[in-house]
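Some structures are shown below for you to check.
Each of the two complexes below includes subunit A, the first together with subunit B, the second together with subunit C.
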Partner chain A sequence: MIYPIEVNDLYYKYEGNLREILNGVNLKVVEGEAVAIVGLSGCGKSTLLYNICGIIPHIYKGEARGQVKIWGKNILDMKLPEIATKVGIVFQDPDTQLFSPTVENEIAFGPENLCVAREEIGLRIERVLKIVNMEKYRLENPNSLSGGQKQLIAIASVLAMETEILLFDEILSQIDHEGKIKIREVIKELKGEGKTIVLIEHDLDNLQIADRVLQLKDGKLEEFKDGETVGLNRA
Partner chain B sequence: MNVDPRTKLVIVLCLSTLAIFIKDVLFLNGVLLITIIISLIFKTNMLQILRKIKRLLYVLLAIAVIQSVFSAGGRTLIEVGELVILTTVGLQKGLEFVIRIMIIILSATIITTSNSREIVQGLVQWKLPYEIAFMVSIGIRFLPILIEEIKDSVIAIQLRGIEIEKIPLRERFRVYSYLFTPVFVSTIIRAQKLSMSIEMRGFRAYETRTSYTVLEMSYTDYLVIFSSLLCTSALMYLYVS
Partner chain C sequence: MVKLLDSIGLKSVNFGYIKGKKIIKNIDIDINIKDITCIIGPNGSGKTTLGKLMMGILRPDSGEIYLVGEDIAEMSLGQIGRKIGYLFQNPEKQFFSNTVEDEIKFIPEIKGLDKKYIEEKTALLLDLFQLNHIKNSFPLKLSQGEKQRLALAAILVNEPGYLILDEPTKGLDVERRKVLVQVLKKLHGEGIGMTVITHDYAFIDQISDRILKMHEGEIVEDKRNER
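Right, the complex of A and B next:
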């Protein structure tokens, strides 16, 4: 069987670090599944996502062993932009992922790179802005938005690329209550459309949208048992 | 005014060409006046820029004195004993230089009334490769952030009660190295994060890309470009003859 995401016995150590952050991670995600990953701060959740989307080893070097495959193809055999046609990732830090002069340009950037037709890009911009409830900010400079708003634009920009696989790194942490409910609904819908989703979460409430919850501990993924041990917030 | 960034670029090129080639103070003043009028039309933030470049006054003074001391000619304005400090020719040279720089800076800010995506698109439609235009725009965009960060760390050092001006030069280098190491590191990290998000949004995924922003020159644009070129040539001709 070919999985959208397949991680086999992955080890990883950042350049200059003493300890391995990932210590034999195994993960298979099937099409249309939403998997949530929880774990203590600094345990390597973001690092795992970087491995899945190829940022490691394409941008961060360090020592990696094991195998990551996207739809059966080893990420080592793909360049990042090629991976980006299949995998969309929203990063944890809202400050470092926006770079365009207006919200509209920011959202258009991904689809433009993927050669989506101009009219279609216009439609997508409207649609994703509606999803994150930011239509009013279409012509604003992303730099002048609040942290939560930036995160919403980052989500919109990735959604506009309409990739089959989506990775969300604690994307709800800075967003207000209403926004959270809305985005959760959107994630459920995306799952319904057959998208494959991996999300990192700190909030128990947000875990309900996942089909499966895994816990990253001591560099390994295991079945999630107990919220207390991984520092989850109970809202 | 809604003008194509390419039109603005032409205007800037015309004004800077005049600023560089013309050596006559009276002519230069005329060009400066034109620049100011155009800036007003485009509603650039002139006052803010002028406040930023007021240091040019020191440059004016420095050039005026240097020219006065080392080149003969003109009426002497100030002298100390035998040494001529300031002459009319020196003052004129200094003024010329400052006016020239002011024309270039003021005209360059006309472009900034377009957003960077439009400028990139303008250059792309002029057949500059998208990647190069995009990289340059990203560079320009993050320069102010870098400057802010450096300013912040200078303030941080001053808050600890260190007055940089009073430290001997050799020590000062050490303080600066303390200051720039964190800025350098954070810049590298920022650049790395930025390239992560740019690449994960498919930058250079294919040979070509589409563009949501499309620029179209209007009749006004053509008219403005035509008259800018005409005026520039006329002024050059007038100046030469």
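Right, the complex of A and C next:
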């Protein structure tokens, strides 16, 4: 069977670090599935996502062993732009993601690189801004937005790329109560459309949207058992 | 206006980042410096802006802000900083040291505090916030939750008399969140008050004396929380 995401016995150590962060990770995600990953801060959740979207090893060096495949193709045999047509990632820190002079440019950037037609890009900008309820901020500079607003624009930018695989790294951490409810609904809809989703979460409330919850511990993924021991917050 | 000696007082405070677009609208409020006051409200309602005004990082377009009776317009950032510890919503932008440990020690060392005292206090905080195993790491390479814990440690090492914390539980797992609640409750018990900006309702419930709700630059609700 070919999986949208397949990770086989993955080990990873950052350059200059002594210990391995990932220590034999195995993961298969099927099409249309939403998998949540939980685990204590610093255990390597973001690192795992970097491995799935190719930032590791294409940008961050370090020692990697094992295999990551996107739709059956080894990530080492793919260039970053090719991976970007298939995998979209919303980073944990929106500041690392936003760099354009206006919100509109920011959202257009991804689709433009995927050579989406101009008219279609315009439609997508409108659609995603509506989803995150930020239509009023279309011409603002992302740098002059509040923390939560930045996070919303980071989400909107990735949604506009309409990739089949979506990686969400604690994307609700600065979003207000109503916004959280809305984005959770959006994620459910995306799943309904057949998108494959991996999300990282500390909040129990946000885990309800997942089909499966896995725990990253000691560098390995295991079945999630007890909410208290893996670092979940009950809001 | 009576300049209350036990409060941070805002008197008709207005502020906008750009002309003609008011972000803080005529806010009048006294915040008791012994209380844990939580500020809540939707994204973009002006919570961070208000915190930065209280800290003197932003200066009001009109109105006055008093810190225990002193007009902060007449105080430098450094003077305010010696009284209030401030946690930025995105604290990693403030990091400048090469290691986690040095980041914590930097300010106390500049102040010329006793070396032995600094060593002990730093060790205590590294332990408390579970940063020991990464004390030699480069702060900008930490995970998000580790950065948050480092920023908190680097503030508390200065033993501030008051705290303004912008989203302190962001990125913290339940274990670390428990530690933070304990730490803040202990400080509160020692007479240190704080203003906490947060979306985290469970946290508010555990810790707040008073809850202020903002909406489009105004305080629209003000209530006590009976813990």
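Going forward, the second predicted complex is superposed on the first by the 235 of 235 C-alpha atoms of A that agree within 3 Å, B and C clash if a C-alpha of one lies under 4 Å from a C-alpha of the other, contacts with A are read in each partner's own complex, and residues count from 1 in each chain.
Basically, a contact is a pair of C-beta atoms (placed from the backbone, for glycine too) under 8 Å apart; a residue touches a chain by one contact, two chains touch by 3 or more.
Computed from a predicted structure; not experimentally measured.
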Touched partner set for A:Asn113, first subunit B, second subunit C, both or neither: first
First, second, both or neither for A:Ser173, with subunit B first and subunit C second: second
First (subunit B), second (subunit C), both or neither touched by A:Ser157: first
Touched partner set for A:Ile121, first subunit B, second subunit C, both or neither: first
Which partner reaches more residues of subunit A (counting touched residues only), subunit B or subunit C: B
Contacts of A:Leu40 with subunit B and subunit C, given as first, second, both or neither: second
First (subunit B), second (subunit C), both or neither touched by A:Leu145: second
Touching partner for A:Gly88 - first (subunit B), second (subunit C), both, neither: first
First, second, both or neither for A:Phe99, with subunit B first and subunit C second: first
Touched partner set for A:His202, first subunit B, second subunit C, both or neither: second
Shared contact residues on subunit A - subunit B and subunit C: 93
Sites on subunit B touched by subunit A in the complex: 115-117, 138, 141, 190, 192-206, 208-214
Sites on subunit A touched by subunit C in the complex: 14, 39-42, 46, 92-93, 95, 144-149, 152, 170, 173-179, 202, 228, 230-235
Footprint of subunit B on subunit A - complex, ascending: 53, 55, 58-60, 80-85, 87-89, 91, 93, 96-102, 104-105, 108-118, 121-122, 125, 157-158, 161
Residue numbers on subunit C that touch subunit A, as the complex places them: 17, 41-44, 47-48, 89-90, 92-93, 134, 141-146, 149, 167, 169-177, 199-202
